[in-house]
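Two complexes follow with chain A in common, the first pairing it with chain B and the second with chain C.
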Partner chain A sequence: MNLELQKGSRSKTLAAILFITMAVFVGRLFYLQIIQHDYYVGVANQEQIKRLAIPAKRGLIYALDGQTPVPLVMNQTVYTVFADPKTTTDDTKIIDTIRKIAGGNACPDLQALLNKKDSRYQVLATRITRSQADKIKQENLNGVGFQEESQRVYPEGSLAAQTLGFVDFSGVGRYGVEDKLNDELTGTDGLLQSVTDVRDVPLTIGNNNINRPAVNGKNVVLSIDRNVQSHVEQALSDGLKRTGATRGSAIVMDPQTGQIMAMANLPTYDPAKFNLVSDVAAFNNAVVSAPYEPGSDVKTLTMATGIDKGVVTPDATYNNTDYIKVDDRTITNATLGQTGEITFQHALNWSLNTGFVTVAERLGDGKSITRGARDTMYDYFYNRFHLGQLTGVEVAGETAGTVVSPTTSEGNAVRYSNMAFGQGLDATMVQVASAFGSIVNGGKYYKPTVIAGVVDASGKYIANKITQPSMQIAKSTADQVRSMTHVARDTFFASLDRPGYYIGGKTGTSQVIKNGVYSSDETVGTYLGYGGSEDLSRYVIMIQVSGDNKLLQGARDALPIFTDISNWMLNYLEIQPKG
Partner chain B sequence: MSYQIAQNYSSRRQQNWSRNQNTVAFVSAIKLGPVTNVVIIALMVTILGLIYLTQATRATGYDYATQKIDSQIAALNEQKSDLEIENAKLTSLETAKNSSVASTMTTPATTEYAQ
Partner chain C sequence: MFSESAQFSEVTSVRRHRPDYLIVLYMGLLMLLGLVIMYAIGPQRANVLNNAYGSNYGDTYFFGKQVVSLLFSLAAFAAIASIPYNLVTKNAGKILLFALGACALLAIAGWAHLGIAQQSLGATRWFNLGPLGSLQPAELLKFAILVFVAGFLGVKVKQGKLNDVNETLIPLAVLTAISMLFIVVIQKDLGTGVSLMTIIMTMLIVGGINKRIGGIILMTIIAVGTVMIISAPHRLDRIVTFFKGDDTSSSDAGSYHIEQAKVAIGTGGLFGVGVGNSIQSTGYLPEATNDSVFAIMGETFGFVGLVTILILFGALLMRLLKIMDHLIDVRLKLIVAGVFGWLGSHVILNVASMIGIFPLTGITLPLLSFGGTSMLFITAALGLVFQLSHYTVNSLNLKEAQHENFSGRRGLGRSRHASRGSFTRG
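Here is the complex of A and B:
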């Protein structure tokens, strides 16, 4: 009986111990699995779940070849070859292989890099292509790895460099379209969240998997025509060599749409080697970012203002004495001798400043440039022709320039007399060319643009709709001024143009302000013109040449560049000459 | 495990019966003990576990196959884009200008236009 009791007692004790042990286990498991559930799930997820960014491809940039998009900027995957000097085994083989395959992309003194045995990361070659990387991989070099990255490549070299801009080493667009449209071109990275194995291969197990595909950047098609751009760059380069100018800019626009067909600046740079550029001024697209006093080109706008307001006509006359007084200043003509009663057409042909100061006076009381005259000029120059304000062209770094308002003390009669012949105001070439476009197309102002459309994911080109123009001056006014510029060109330069076409233009030679005063040893030469048939102007071209301490003239230095491009454009656009 | 004869026959008359009622009852001769039950349950659990493991492994196998195909697609896309770049370079204006064909071209002395 005692024995039975003892037996029962042991069993109970054992049961109690087992129960307590189980209770401890259950308690502990309850704590770990229920109370600490979130914590341990988090720890497990950290170990097992990887979040991998799926990089979006930056959008490509196309130019046009006629109506067909051709790539100007593309993406290429390149590789950086690196070594872990601690784990490399055959340094001689590594050096030989890298030198043989990577060539100029190999870093100098590879032996010294591999000798740094304390280091775990040494770059042996940069920006090698996929095929080069494959060849190196085939050699099975111990301790050598590859890092993949995307870089921009430019099949057309430096063509339209300042319009394009470049992408810096952190992947951000700088200057040009790359900068202005950075958000659209960048796209949105995707996300892959998944349980992975030890080699980071994503597995479908788990409940928290995310597979959000990347949204690639937009493929943009520029209105830049690569053939026009190439010829403009060549003509500008030739012109600079001929004239001795050190800087030059050119823009070619379609006056019927506002689309820019070419924009060139010299000196230029190679966007693939942007890091080697020593003067950052080369990055700027001076056509949109460098306002200047356009000079006599603006006389066409002054004439349009006068005709539109009904105070002058091309055949109306004034008495030219080669100088005119405005308040305490005397304004003289650059060309002397065309004195007497002459028409405004004659004044435009000879680019006589007095004629256009007279137009400004006739906008007022006929004797002086009154406040009313200044208000009218400001309305036309600023509000209608959009000088001195941003055009919104899709190129970074656009600068507004200045048209001084008559409400300010600087906006006096002297200022406006100067503005009548293109001094005393700052405007960019794109502003002046767009304003002139509204004259040669019959009075419609189109916002200038470099974007023609997009290429969708399937590779189809979708052209943008042309924005609605705003009517700024009467068609009859525009037609008269267009005709005046045709006559002005024909008077002196008819022999330069191909016969059977309707070409017009205006020279400009503007003074440059240095240290607060107009310099006598530096001028900027400009030519602003159009071409096409008598019924329809197909292009507006503006040329500017300049250089430090160089006296450059519109007729002598800029006009031949215009002529070169204009005659080429007539062929390129297949415009039929009039018989 | 123990066996015993468990088929008991009884005549209809020995029982109260009614229409549509089975007149013969079959009782299994095999009786399973608790150990057998445990073993069978354990086997079933094991089989279910194996089925689960097979399926999970197969799914993971598909993941590896998918990954391999994805890598091939990526490599082919890269190759395609390299070829597109090469094509763009070969058809660029710079290449055309420097071509042997271009170097032998001359400017015509006169041009006539179709009216």
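Here is the complex of A and C:
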């Protein structure tokens, strides 16, 4: 008999194998479970925890109808129809159904798309409505699926298009309020994070589950009044037809709040079809984004500066010779013949450049536009009337313009003599209209705004508080200049206005700089005015018309558009005539 | 050559004494742990299967079925532990013929696509017994081989012919080849095949095979095994997967299985995520209740839990070795050796593949895995060992007993030397 067996040495061999194996196992387990624990927890989390974004609804954009918000931009769920050509069975039926129901939203050559049998995803129709999608679903087409997405719809069509902007196909606001207030409108997507089983069904195990609801975007109410906006767009369009101008812009503001009631630019576009626009210039809201030389409209601001500093009054006089020398330059009046000792009111009526260069000189030593005069003008134009700086209006693409400071060599006497009658500085219409608003309301500068408030989740309109204005010029100064523009308008155009109201304004005809020199074959016509009762101006309207190689004048081309809107506004705002 | 049907007729006359209850204790603890896991992940498993195959298992289906399996297994344990072992050993040849017949029948039924042969994972391994569940004849074959080969080799050992090529090794090789034909080639079950080989090899080692022949046998097994692996793509995949190591980017089924097993074990950490918090069992880890139960236990009970399980298995296996060392009749020794090989091969192969240090073999973890047949026969085998533990002798008396046994004075007063339970308490 084998002695080895009796001693059990072979069982010791087996025991040894067992021990060694178990030791290896325990070592390996220690490695996996203790040393590598964090690594495997990471791997596990990666595959076990699923995250699902709950899309936030983009906020709606409302306009006002009087005091009531009405939607200008809404959301609509639309569907993309796609096919998995590998699993489709009845291609003919699919093509017929999609063509019949989706119509123009169907992609061209569906047969070719369905013939791509290797592909798993072909879009057959885009942006169809829910009812269209339901009809297609009823056909139970094999291999056809639907994707839901949200799209902006515009119940008022292209109304206020450049103020609104649009939302691109990736859901980001472009231009206008959609861009400027993109974050507020977008809201915050919610997050659903959960440990799931292998089929992505959420489990209630562990502490890693998160359910954060989406925060929908804010519903914004614009201060744009849909009726005013609509009329302004119509009046502007009519004006362009009448004058032959190809471009026109208009802004209507409430001088008592800074709220913009209408902002229009032509040509415009349809935000629902933004992808079909070939000239992106149509997207820009020129009122805030296109600085230009405002021309004679600025004379009101020069006058206000002079009166506020006490160097001139409306009835003060100067000797008009139809030209005036500043350093080596001679400045000439556009209208000649009003020579002699005339009042500044007269100079404003006839828009005589010499009068306002004289005001600038009187801000200095009376003979020349000294550094002191230039500092004063800069202080008023830039600091008080906010020309050449961003107003912060809630429309994307605002441009600051330029008011050259007297501290630079560019800011010399010649430059400032030009600025006195509106040349040599760039400003946007919203800047000029806001500045003018601070004159017609008695000296208070309101920051211009297109936002009136919000509509909360329950549909209630909550109006914003009016921002506190800043007092920029003395009320008496403001009232005198307001009166001067009333007189200026009344002198020539009193018959245009409805009786019993207090209307004023200033024409402007600005030359256009082409290749660095003032062009003789293109001018921009503007009109800047206000209206209401004598006690209270209710609106400021600014009109601008232009066109390539077109000589457009403030009085002839822009003023009638103002008059159209102004008379309509008196009626719309139900202002009682005096007497 | 297999004529020694009455191999076990010479019953050792050691007086029956108190058995080794520690076997029952370790076995019971392991079974309980398995039951806890079935209770914890049964609902997830049912959910996974319901979704994957449209079946309609209830939340307690797996727990309930495991309870039934355990009851059957305990009954089998009790039965085999009480039926005098010589009744089993005497009929070893008949049991073997029956088992081989069952395998042959399954092969024919599978070939003929009869409903009784249950096809799964590309192989026919189970008899479908309708409401009674399913039966895996390979497990019966293991049991049959265990008792038959133990008897056969035991006689050869007594005759000193263990290393005799013509009388011992060739007949054994023929029997092994037939079994392997059924299990590995027809049923495509390499895991059970390896387990069967281990049972036979353990018996040869304990029986005292000489090192040269043992080496030759081992080389032969490795050579044949290599051929088996190369000839079957799914096995080769597993090997390739294994040697690719921690390559999580690999997406084939085998590496996915091992990777998910490691994720389950790794996330368990020191103490585990706790009962009912296993996420890997919700469909990430394949075979969560069956072959992968060790990984799920790792996730649930952590390092501490798995080491405890390994200690329990180790203790149980050590019990087997001790009983083996204290049995006098070499044929009984070989039975225990075979059970050691059986249990040991299952535990080692299963755990090694779950922790990623050995290729995936697809073998159950005894006493813990869900699955009736495997549990039934391994508990039956343990029942047999438990009965044999009645007949161990004190180590002091071992030599004398051995001597007396071989001196042919069987049946004479040896029992007086067997102080009851003196060893089993140690």
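The rule is simple: the second predicted complex is superposed on the first by the 513 of 579 C-alpha atoms of A that agree within 3 Å, B and C clash if a C-alpha of one lies under 4 Å from a C-alpha of the other, contacts with A are read in each partner's own complex, and residues count from 1 in each chain.
Assume a residue touches a chain if its C-beta (ideal position, glycine included) is under 8 Å from a C-beta of that chain, and two chains touch if they have at least 3 such contacts.
Owing to the predicted nature of the structure, the values given are computational and were not obtained by experimental measurement.
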The answer to whether chain B or chain C touches more of chain A is C
Taking the superposition as given, does A:230 touch the first partner, chain B, the second, chain C, both, or neither? first
Touch check for A:70: first (chain B), second (chain C), both, or neither? first
Quick one: classify A:129 as touching chain B (first), chain C (second), both or neither. first
Between chain B (first) and chain C (second), which does A:13 come into contact with in this model arrangement: first, second, both, or neither? second
For A:153, is the partner it touches chain B (first), chain C (second), both, or none of the two (neither)? first
Looking at the overlay, does A:203 come into contact with chain B only (first), chain C only (second), both, or neither? both
Looking at A:577 after the superposition, I want to know if it touches chain B, chain C, both of them or none. Which is it: first, second, both, neither? first
For chain A, what residues appear in both contact lists, the one with chain B and the one with chain C? 197, 203, 205
Contacts from chain B onto chain A in the complex sit at residues 56, 59-60, 62-64, 67, 78-79, 81-82, 84-85, 88-89, 91-94, 111, 113, 115
Given the complex, residues on chain A that touch chain B span 70-71, 74-77, 129-131, 153, 155-157, 159, 197, 201-205, 226-227, 230, 500, 571, 576-577, 579
What residues of chain A sit close enough to touch chain C in their complex? 1-2, 4-6, 8, 10-11, 13-15, 18-19, 21-22, 24-26, 28-30, 32-34, 36-37, 39-41, 43-44, 47-48, 195-199, 203, 205-206
Tell me, which parts of chain C touch chain A in their complex? 44, 47-48, 51, 157, 160, 202, 205-208, 248, 262-263, 265-270, 273, 276-280, 282-284, 298, 302-303, 306-307, 310, 314, 317-318, 321, 324-325, 330, 333, 337, 340, 344, 348, 351-352, 355-357, 398-399, 402, 406
